[in-house]
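This is the structure I have questions about; it appears just below.
We just call them A, B, C, D, E and F in the order they show up, numbering each chain from 1.
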Amino acid sequence: MQRVVSFGEIMLRLSTPEFKRFVQAESFDVTYGGAEANVVSSLAGFGVDSFFVTVLPENDIGTAAVGHLRRFGIRTDFVKRKEGRMGVYFLESGASQRPSKVIYDRAQSAIATSGPELFDWDSILDGADWFHFTGITPALSDNLAEAVAEALETAKKKGVKVSCDLNYRKLLWSRDKARSVMTPLMENVDVLFVNEEDAEKVFGIKAKAVDIDKAEVSAAGYEYVARELHERFNFELVAITLRGSHSASVNSWSGVVFDGEKLYESRKYKINIVDRVGGGDAFAAGVIYSMVNDRNMQEAVDFAVACSALKHSIPGDFNPVTLGEVEALRKSAGSGRIVR
Amino acid sequence: MQRVVSFGEIMLRLSTPEFKRFVQAESFDVTYGGAEANVVSSLAGFGVDSFFVTVLPENDIGTAAVGHLRRFGIRTDFVKRKEGRMGVYFLESGASQRPSKVIYDRAQSAIATSGPELFDWDSILDGADWFHFTGITPALSDNLAEAVAEALETAKKKGVKVSCDLNYRKLLWSRDKARSVMTPLMENVDVLFVNEEDAEKVFGIKAKAVDIDKAEVSAAGYEYVARELHERFNFELVAITLRGSHSASVNSWSGVVFDGEKLYESRKYKINIVDRVGGGDAFAAGVIYSMVNDRNMQEAVDFAVACSALKHSIPGDFNPVTLGEVEALRKSAGSGRIVR
Amino acid sequence: MQRVVSFGEIMLRLSTPEFKRFVQAESFDVTYGGAEANVVSSLAGFGVDSFFVTVLPENDIGTAAVGHLRRFGIRTDFVKRKEGRMGVYFLESGASQRPSKVIYDRAQSAIATSGPELFDWDSILDGADWFHFTGITPALSDNLAEAVAEALETAKKKGVKVSCDLNYRKLLWSRDKARSVMTPLMENVDVLFVNEEDAEKVFGIKAKAVDIDKAEVSAAGYEYVARELHERFNFELVAITLRGSHSASVNSWSGVVFDGEKLYESRKYKINIVDRVGGGDAFAAGVIYSMVNDRNMQEAVDFAVACSALKHSIPGDFNPVTLGEVEALRKSAGSGRIVR
Amino acid sequence: MQRVVSFGEIMLRLSTPEFKRFVQAESFDVTYGGAEANVVSSLAGFGVDSFFVTVLPENDIGTAAVGHLRRFGIRTDFVKRKEGRMGVYFLESGASQRPSKVIYDRAQSAIATSGPELFDWDSILDGADWFHFTGITPALSDNLAEAVAEALETAKKKGVKVSCDLNYRKLLWSRDKARSVMTPLMENVDVLFVNEEDAEKVFGIKAKAVDIDKAEVSAAGYEYVARELHERFNFELVAITLRGSHSASVNSWSGVVFDGEKLYESRKYKINIVDRVGGGDAFAAGVIYSMVNDRNMQEAVDFAVACSALKHSIPGDFNPVTLGEVEALRKSAGSGRIVR
Amino acid sequence: MQRVVSFGEIMLRLSTPEFKRFVQAESFDVTYGGAEANVVSSLAGFGVDSFFVTVLPENDIGTAAVGHLRRFGIRTDFVKRKEGRMGVYFLESGASQRPSKVIYDRAQSAIATSGPELFDWDSILDGADWFHFTGITPALSDNLAEAVAEALETAKKKGVKVSCDLNYRKLLWSRDKARSVMTPLMENVDVLFVNEEDAEKVFGIKAKAVDIDKAEVSAAGYEYVARELHERFNFELVAITLRGSHSASVNSWSGVVFDGEKLYESRKYKINIVDRVGGGDAFAAGVIYSMVNDRNMQEAVDFAVACSALKHSIPGDFNPVTLGEVEALRKSAGSGRIVR
Amino acid sequence: MQRVVSFGEIMLRLSTPEFKRFVQAESFDVTYGGAEANVVSSLAGFGVDSFFVTVLPENDIGTAAVGHLRRFGIRTDFVKRKEGRMGVYFLESGASQRPSKVIYDRAQSAIATSGPELFDWDSILDGADWFHFTGITPALSDNLAEAVAEALETAKKKGVKVSCDLNYRKLLWSRDKARSVMTPLMENVDVLFVNEEDAEKVFGIKAKAVDIDKAEVSAAGYEYVARELHERFNFELVAITLRGSHSASVNSWSGVVFDGEKLYESRKYKINIVDRVGGGDAFAAGVIYSMVNDRNMQEAVDFAVACSALKHSIPGDFNPVTLGEVEALRKSAGSGRIVR
C-alpha cells in the first residue's frame, strides 16, 4: 500500500443549510475541511495509506476535527495538539446567479501560531511515497513557510515525490509575497496543480485568449500556461482544472495535464452542483493516485476529473468515494442510472 | 368505482437526506415502498378503489407500513400480519454524475417466508376489475411464485384483467430462473410493462440499435421489442418507458404503448429529478387507469407519462397526485407556473 | 437617505420543506411575506429608509411578523395592531413538471377588517420620497380600497411619487370589480408594474402574439402593452417582467421598461429556481431604487432584473441582498464563481 | 368488534419545535387534532371500529387531515368535504414555569359553516355501539348544536350509548350560552366527562375546597361534583380527570369515576410531560373502551388513567398506543424499563 | 417610555442540538448573545425603549447579529461596524450530571480591537434613564475599560442611573486585574448584580457558610455579601441570584436584593432547564425594569426572579417574554397550565 | 498505554427522534452500537489503546460503521469484512410512563454467519492487557460461541485478563442454552458484570428481597448475588449495576463491586435520562479502566458509576467522555454547573 502525506490547516466549516443566506440562518451544518485534508480524504477512500499532518487546538472542537479525519480513514498519527483556536470558515451556498460566499475567520489558529520545530519531518515522511501541500500553508505564517521548506528538503532527501497546489489566497498574502515565497519552493516540487487564475496571480503566466468570466474556458488556452510553468520550473507534470461557470448551479468541469511533451485533455462533464468546495482538491487526489500507481497520462487526467466530478455531488469538503465508483464513472458515460 | 388489486412486498425505505452519502448520514428519511404498492398509490389518488395485498411483520414497523398505505388512501383489508422481519432498502440519493445507490436487505422478510395458502384469492379478487403484479414477487420465493400463479388463475376465472411489470432484479434470481418462472405466467397476463433493459434480460428480446448508456433512447428502437413480445405472448398491450439519462439530476422521460397494431408515442419531458424511484410504477398506474376507463391509446400513453413525470418531482416511492393534476399536465405545456 | 413607504398585507407563510407535497408534510417552514412587504425587503437591504404600513393581530404571531420585518431592516413605526387573525398562505414548492401550489387562507384578517381611518397618511408619508402599493390591497376590502385612494391623494399633495404593481388575484375579486376600482386609482400612479397576464385581465390589454404557456415570451410582444398603458394612463414608466417557464425548476427571466418613448430590454437570465415567490416584487424594488436614485433607464431595468434574479435563489418571500451584490451581478456575466 | 362514532372538528395543529417561542420559530411541526378525533385515535389503536364524523375543506390541507385520520386507523367514511377553510390552532410548547400557549384560528372553518342537514345520522349511527361528542362542537355554531341534538336523538332511538366531554371553551361562547345549550343535551347523555374547571363554569357546580392553582388536587374534593352532576342529570357515569400541575414539565395525573353509588379513584402518576394536549381525550377513550367491554369500574378508571398517562409521553394530539401497552402499564408499576 | 442603554459584546453562539456533545455534532444551532445584549432583550419585550451599543464586523455575520437584535425589538442606532471578526462562543448543552460546556473564541473581535473614541457617549446617553454594563466589557481590553469609564462619567453628568453585573470571567483576566479595574468603576455604579461566586473572586467578599457545590444555597448566607458590598461602595441596591444546582437538568432559582437596610428574598422556583444561559441577565433586566418603574423592593425581586425563571425555559440567550407573562407568573403559583 | 480488546457485534441503530413512536416517525436518527463496542468507546476516550473485533458486511453501511468506530478513536485493525447484512436495531425512545422499545432485526448478520476460523486470536491479543466480551456474542451462533472460547483460551495463555458482561438476551437463546454455553466460559473469566436480572436468568442466583419492578433497588440485596457468583466461579471481581426505575425519564443509578471479601458501594445518582442505552457498558468500561490502572475498589466503583451516569446524558450508544470529565464528576457533587 502506498503512503501519501499531506500538510496544512483543517478548519471548522460552518455552512448555511438549504440555500439560506447568512442573515437567514438559524443553524449551520458542521463539517471540517481544508485544501490539503480534502486531498487525502479522496486518497483514503481509494485505499491509500493517507496521513494528514496539522496542528489542532486542545479543545473539543479540535478533538471533533480529529474524529472527522479518522472517520473517513485518514491517519492522524502526526496531528499535534496545542493551545489556541480552530480556524473557521463560514460558507453560504449559492445557487443560480447568486455565488457561494466564503467568510474566513482563520487568523491566530493553532497551526498558524506554530513554529516549524513542531514537525519532525524525518519521522513523518519515513516510508512515504508522496508529499502534498498547497500555497495556503506557507501563506499562513513565515513559520509555516519554513516548515514547508524543511518538509520539501526532507522529501527530496528521502526520494519522496512532492506535489503542490498553487492555491493563491489573496486574503492571506499579496501576489508579491506569494511569488517570493513560492518560487524557491518550486525547486523541490515534482507536480504542480493550478487552476484558471493562480498561475497568473503568483507567477504572472496568463492563459491566452481566456476570459474566466465567460461561461466556458477552452483547454487549448491553457497549453501555454502549462508549457511555460514546465519550462520555468522543470516540473514533471503540470495539472490544470478548467471550470466553466454557467451559474452557481451548473458548471462544466474538465482538466488537462502536461508532462513536458504533450497536453492530455480529459472528458468534460456538465455538472449540477451540490457542493463545489473541494473540487480542485479531488482532482489533485486523482492525479496523485494515478502517478503513484504509474497510470498513463490520459487515464490519469480522466480519472482525476471523474474523481472531482463526483466531489461536486457530495456535501462537505471531503470526497468519500471509492476507487470502484471513480473507475465506473471514468469508463462509462456518466448517465447516473441507479446502482442496485 | 373501479377496483384494482396489487400484490407484492412493501419495504421500509431508509434514504439519506440532502444528497448525503451513506458514510456521511446521521439520519435516514423513513418511508415505505415497493413496486406494486407504488402503483396503487397513484390509483388511490385518482379515486380508484385500490387494494394492496401483502404480508407484514407483527411489530410496530409493520404497523407503521399499514398506516402509511392507509394514509395515502390504499385499502389494507387483505394485508396479513405474521412473525418475521420487514424487508428494508437503503437509498442513497445521487446527483449529477453520482448515481443513486440502493442496498437491499430484504431476505427472510415476512412475505418472503409466507406460503401461498395465506392468500384467499377468491375473496381478494371478488369484485375486482384489475390485478397487478411485478416480476419481483415471484422472484422472492417459490412459494410466492405459486401464489402469483394462483392469483392469475383466479383472475382469469373471474374475468379480472391482469397486468405485469417485468421488473427483473438480478440480485433476486438469475435470468434463466426468471425466464422459466415468468414465461408460463405470461399466459394469463393482458398488459405487460417493460423498461429499457428487462425484455432482453428475461426474454432475450433486445431493442434494435439502442445503447442505454447513451443519454437518449429513441422510441422507434423499441417497436421491435413491443411487437416481438406481443407476438410471443399475445398481450393486449405492451407498454414501455423510455428513460434518457443525462445524469442523476436530469433525465428525459417518455413512453410508448403497442396494442398489437400501432405504436403510440407519448410527449417527452425533460425532468429535474427530485426522486426517481417509483417512476416506472407511476407510468404503469397511468396505463391501468386509462385501460380501466377505456381511454384511447394516445391519451393513455400521454396520461401515463404525465403521471410518472410528476412522480419524479415528489420525494418517496409513492405518487400522491390527483387526477386533476395529471390531466392538467397532460393537456398543458408543463410550464410549471404557480397554481394559486 | 431616501424614504420609501409601502402598504399592504403581510401573511404568515407556511411552506412544505424539501419538495414535499402538502399531504406528505410533517412540518412547515415558517416565514412572512406579501407583495408590498417583499418590495421593501429589497430596498432596506440597499440602505433605503423603508417603511411598511400594515395591520397585524395583537397576538404572538403578529408580534413575530413585526420581528421578521425588523430583522430585515424594515421600519415598523406605522404598523398597527388590533384584534383579529393573521392572513395565512400555504405554499407547496414545486419542481420539474409539478407547479408550486398556493392555498390562501387570508379572509377576515386583521388588515382586511380594518377601516380606512386607521391610517394617518399625513404622518405616514411625511418626508417620504416614494409610495408603493399593489392591486392586492384594494382587492382585500372596500375599506382598504378607500385607504389606498386616500394614500394616493395625500402622496400627490406631498409630491411623493407613487408606484403600483397591478397584481391581479382572481380569488379576491372579479376582473370587472378590479377594473372599476383600479382605473380611478391609476390617475395618481406614476409607475406601473405588470406581469405577463395582468394587463389583459384588468385592463383588457393583451400582448401581441404571446402565448404564456409557451416556455419563452418575447420582449417585443410586450411593447404594445406598455405603449397602450402609457397612452391610456399617462404613466411615467411602465415596467414589465417576462418569465419564460420551462418548468417549475428552470425559468428564463428578464424585464422591460417603457418610458413613453423607448422600450428598454434587460439581459435575460436562465434561472435554477430555489424560491420564485417574490421575484416580481424584487424587480419592482429594483426599478424603484433606480428611479429614486435617478439612474438611466437601461441601468434601471438591468439592475431590477439582476435584483430579482438573485431573489429566485433565496428561500422565503423576502430578498435580503445588498446593493453591492446586485451591482456585481449587473456588471458581470453572472457566472456564480465563489466569492471569498 | 365494537363500533364507536365521534363527531366534531379536527384542526391543523402548528406547534413550535424544541420549546421555541412563537416569536423564535422558523418552522412548525404539523399534525392534526381535536378533542373528538383524539378520542377515536386511542380507540382505533385498541382495535375498536372507530369512525370520525366531520367536515373538511376541499383542498390539500383537508386531504392531508383525512390521510392523518386513516394513518392511525380511524375510519373516514362519513367525513364530508366542502368549500371553506381548515380550522387552525397554534401551539407553543411550554416548559418549567412557562405554560404552553394555544392560539386558535378556527372561525369560519368548513365545519363551523356547515348546516345540520349535512349529517345523515341514521346511516352514520347504523350499527354503532357508542357516540361521543364534546361541548366544543355545539359551541362552534347553532347549526352544529342542532346537528348534535339530532345525533343524540337518533342515538337514543337506536340504543347507542352517548358520552360527552363538557370541554368548556371560553373563547367560543359565554358560560350562559353554554349552559342553555348544553343542559337540554344532557338528557340524552349517558356518560359525562369533566375536568377540574368545567363543571363549575357550565353548570355552576364547584369542587369543594379545591384550588386548581395549587399543584395538587385531591380526588375527594370531586366526589361532590360527581354526585351533584349525577343527581341533576341522572348520568350512568361521571368521569373526572385530576391534574396536579407542578409546572409545565411535571404534572401529577389521576382520575375518578362515579357510577351513582361509589367513587372509584385511580392510581396517581407523576408525569414528565412530552405533550399534554389530548390527555383528557385519552382518558375518555379509556373509559369508553372499558364501558363498551363491560369492565368493572375500578379497572375502567385505572385503564383510562394509564391510557392517558401514556398520551403525555407522545408528541401530537393523537394517542397511538396499543391495548397491550396500556394493560402493561395498568398492571405494572410503570417503571419504564426498556421493552426488548 | 423609559430608555435603557446597555454596552458590551454580542457573540455568535453556536450550540449543539438535542444534547449532543461537540464531538458528535453535525450541525450547530445559531443565535447571538452576550450578557449585556441579553439584558435589553428582556427590557425590549417589556416595552422599554432599549438600545444596545456595540461594535460588529462589517460582514454578513455582523449583519445577521444586527438583524437578530432588531428582531427582538432592540434598537441598534449606536451599533458601529468595522473590519474584524465576530466573537464566537460554542455551547454544548449539558443534562443530568453532565454540565453544559462553553468554549470561547472571542479574542481579536471587532469590539475588542476598538478604541474608546468610537463611542460618542454624549449622543448615546442623551435622553437615557439607565445605563447597564457588565464586568466582561472592561475585561475585553484596556480600551474598552476606558470606554466604560467614559460612559459612566457621562452617565453621572446626565443623571443616568448605572447598573453593573460583576460577571467575572477568569479566561479574560486575573482576579487582581479585575479588582484593580473594577474598583474605581464602582464609584459611578448605583446597582450591582453579583452571583454566587463573583463577589469573592473580584472583591474578596465571601458568602458565609455557603458551599456552591452543594445543591442548595441559602439566601441568608448572602446577606453578609450584600451588606459588605453596600458598605464598601455605597450602592443603592445590591442584587444577588441564588442558583441551587441539583444537576444540569434541575435547578432551584431565587434571588435577593439589599437596599442598604433590608434583604428582600424572592420566591424560589424549581426549574426544569431548557437553556440556562442568560438567566442572570434576565434577573438583572427584571430589577432594572422595577427600578425604572419605581416598584417596591419585594415586587422587584419577585418580578426579577419570575422573569429569569421564564428565561430558563426558552432556548437561546435572549428572553423574549412579555410584561404580562412575567406578571402572570409573579402573581400565580407557576403551575404551568395551558394558556388558551 | 494499555491495550484493551473487545469482541462482538455492532449494529446499525435506528431511533425515532423527539420521543416519536415508531408509527409516527418520518426519520430515524442513525448511529451504531452494541454492548462490546460501547465499552471500548468509553475506553478510547480515556486514552486507552482500544480495539474492537467484529465482522461487518462489505457494503457502504458496513463502511459507515467502521468510520463510526474510528471517529471515536476505536482501532479497527481486526475488523473483518464479508458478504452479508448488517444487524439492525430499532429504538423508540420512551418517556415518563412509556418505556423505550427495542425491535431487533439482527438475524443472519455478517458476524452471526461467520465461522470461528475468521479470528486469529494470537495476533489480535498480541500485546493486549484485557479482553472483554458479553453473553450476546456466544448467543448469536454456535460458531461465535466457539470463537469466544478460543479467544478466552488464547487470552489465558498470553496472560490477558478477561471480563464478561453476562447480558442475557431472551430473544437470542433460552435460559438453558445460555447456562450450558456460558458456564464453561466462566472458567477463564476474571471479572464478571451482571445487572439486576441476568444472574438469576442464567445462573439461577436471585437477589434477596429485591423486586426490580419497584422504583428503587437496594445494594444490600445484591451482596448475596455477588458472593454466590464469586464462590461458584472464583471471579476476581463481580460488578453489579443497580438501576432504580422511577419512570422512563428519571432513574436512580449506582453500582457495587465485590472482590471476594468486601462489597464496595458507589454513590447513587438521580438521573434525568437523555439516552440510557449503553449505560451498563459504560459502567463496565469504568471498572476495566480502574482495574488496568490498579485503582482501589472504592475509587473503581465510583469512577465506573460516574462514567455511566454521564452516558445517560449523551445520545447514542457510545460514551464520548474524557477521563477528566469522569474524574470531575467522581470528585464533585455533580451539580452540573456550566464549565467555561
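Following the convention adopted for this analysis, a contact is a pair of C-beta atoms (placed from the backbone, for glycine too) under 8 Å apart; a residue touches a chain by one contact, two chains touch by 3 or more.
In this text, all values refer to a predicted model and were calculated from it rather than measured experimentally.
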item: Given subunit C and subunit F, the chains that contact each of them; value: A, B, D, E
item: Of A-E and D-F, whichever chain pair has more C-beta contact pairs; value: D-F
item: Most widely separated chain from subunit A, with each centre as the mean of CA atoms; value: D
item: Chain centre separation (subunit B, subunit F; CA means) in Å; value: 45
item: Subunit B-subunit D separation of Cα centroids, rounded to whole Å; value: 42
item: Shared interface positions of subunit B, touching two or more other chains; value: 17-18, 21, 23, 26, 67, 72, 101
item: Pairs of chains, among all present, that meet the touch criterion; value: A-B, A-C, A-E, A-F, B-C, B-D, B-F, C-D, C-E, D-E, D-F, E-F
item: Subunit A residues within the subunit F interface of the complex; value: 67-68, 70-73
item: Sites on subunit A touched by subunit E in the complex; value: 14, 17, 21-23, 25-31, 59-61, 63-64, 67, 85-86, 88, 90, 92, 101, 103, 105, 107-108
item: Subunit E contact footprint on subunit D (complex, rising order); value: 18-21, 23-24, 94-102, 104, 169-171, 212-215, 243, 245-250, 276-277
item: Subunit E partner contacts - residues on subunit F that touch it in the complex; value: 17, 72, 269-274, 306, 309-310, 312-316, 320-321, 325, 329, 332-340
